[in-house]
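Data first, discussion second: the structure below is written as structure tokens.
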Amino acid sequence: MAGAVPSLRVKVLFFGRLRELTGLAEDDGELPQGATLAQVFERYAERYPKLAGFRNSMVVSRNQEFAAWDTRVAAGDEIAFLPPVSGG
Amino acid sequence: MAGAVPSLRVKVLFFGRLRELTGLAEDDGELPQGATLAQVFERYAERYPKLAGFRNSMVVSRNQEFAAWDTRVAAGDEIAFLPPVSGG
Amino acid sequence: MAGSSTVKAIEQDKIELVRAAIDAGALVRDVRAGQDGAIVTFDGFVRNESDGRLTSYLEYEAYESMALGKMKEIAAEIHEKFAIHRVAIVHRLGRLEIGETSVFIAVSAPHRGAAFDACRFAIDTLKRTVPIWKKEYFADGAVWADGELPPTPPSAKSAS
Amino acid sequence: MAGSSTVKAIEQDKIELVRAAIDAGALVRDVRAGQDGAIVTFDGFVRNESDGRLTSYLEYEAYESMALGKMKEIAAEIHEKFAIHRVAIVHRLGRLEIGETSVFIAVSAPHRGAAFDACRFAIDTLKRTVPIWKKEYFADGAVWADGELPPTPPSAKSAS
């Protein structure tokens, strides 16, 4: 990723079954400028193929607000992948 | 009331402002056979004229069930005159 | 809901008129059981004002035997209408100070919707149909609270 | 509701994630005040079964900072929507045994309708939008509970 396209660093969090699946609670990600949340997800789905199947049964948050998948990330963002919530 | 028409005895109860108005919590009433709850009330309204004005802002019960005013009383009935309820 | 389970449920209910302080915590424990997941409670207590006038205290009186009967009818009705487990309905009588609980209702159920619906139905119905009366005492006098006229059968003739 | 009174009300609210047992009685006392007349509470606790399987215990985890933020948003929203006074919303995390309270909500208000509506809105919204997850442990294994997908903005393009 280093090279022609400038990159940015973000924090990526996984919860619930997604955390179990990846074995990863928190990761420091480096992404190309202009990347969307969907592209962040695809990166991890490549690394953890089982993740891909959960794409339609999860949501994503950016800086602790639920976000659309086509939202562009910015340097320093806190991004989290969240399975269906079941509190209460 | 004694005489040609056979009579029956009932218990009559007053609650809330009706009790205060009559100064009467409980009374033993003697009524002609066939009397209705409306007639029982009229009896007391004659004795306590201030009662009459409450006729449309009260309900009556017979043996602890709310009752229609044209219900006929029977010997031994427990009749109660009840202002609008305000529990809770 | 089968008849026997309804009867059993009603036997476990706690329907009372009391003259001492109501112990809400104990009533919640009474309705709580392992097959439930939700308890909704309603706690009605004495406000410090009524229509802008400062209240000193209240006095509640009841047609006690009929009031208890009507409260039991409410419990039976919510068991029939809603998928609930246990019910506590307790009303206090006599003199009550500001902040003291006059009525406490607790309903347990496997799921929250039924518990909310039943608890609300219970207090709404209690306020319309249970023969209890509240007198409000102010610094300069006392008044009987405005209340609601319970629904009554329209005519004995049409009923028979 | 004026801005200043809303802010004041929210400062008095109790919105927490905890790891120890929830003290419902203390939370009810926190929301209780003289100008109120009604408190409605919701107590959600661990059932002994799930879809017919006997539960051993549960574990709750949360995206804690976001969950707390979403719980505070719920409190702010019910202050705006309903004529209520104070709110407590507390969710427990970690391991919970059968019968233990996982979430407790208390809402005080001058009148009961608002307290019921706000309490129900709060728990319904919490279950849809607060990032907390429940894992159910049985004698023969564990599963993540079925949950709800929080609503999300449809597209960043239309939003900007």
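First chain written, first letter: the chains are A, B, C and D, and each begins at residue 1.
The criterion applied here is as follows: a contact is a pair of C-beta atoms (placed from the backbone, for glycine too) under 8 Å apart; a residue touches a chain by one contact, two chains touch by 3 or more.
Predicted model, so just to flag it, every value in this text is computed and none were measured.
Chemist: Could you tell me which chain lies farthest from chain C when each chain's centre is the average position of its Cα atoms?
Modeler: A
Chemist: If you average the CA atoms of chain A and of chain C, how many Å lie between those two points?
Modeler: 51
Chemist: Using the average of all C-alpha atoms in each chain as its centre, how far is it in Å between chain A and chain D?
Modeler: Computed value for the inter-centroid distance: 26 Å.
Chemist: Measuring from the mean C-alpha position of chain A to the mean C-alpha position of chain B, what distance in angstrom results?
Modeler: 76
Chemist: Roughly how many whole angstrom separate the Cα centroids of chain C and chain D?
Modeler: That gives a centre separation of 25 Å.
Chemist: If I count partner chains per residue in chain B, which residues reach a count of at least 2?
Modeler: none
Chemist: Mark out which residues of chain D touch at least two other chains, giving numbers and ranges.
Modeler: Chain D, residues with two or more chain partners: 44, 123.
Chemist: Show me, using the given definition of touch, all chain pairs that touch one another.
Modeler: A-D, B-C, C-D
Chemist: Considering the complex alone, what residue numbers of chain D touch chain C?
Modeler: 24-25, 28, 32, 34-49, 98-99, 110, 112, 115-116, 119-120, 123
Chemist: Where on chain D does chain A make contact in their complex?
Modeler: So the residues of chain D touching chain A come out as 44, 60-63, 65-67, 69, 91, 102-103, 123, 126-135, 144-157, 159.
Chemist: Mind listing the chain B positions that touch chain C in their complex?
Modeler: 13, 15-17, 36, 57-61, 64, 66-68, 70-72, 80, 82-88
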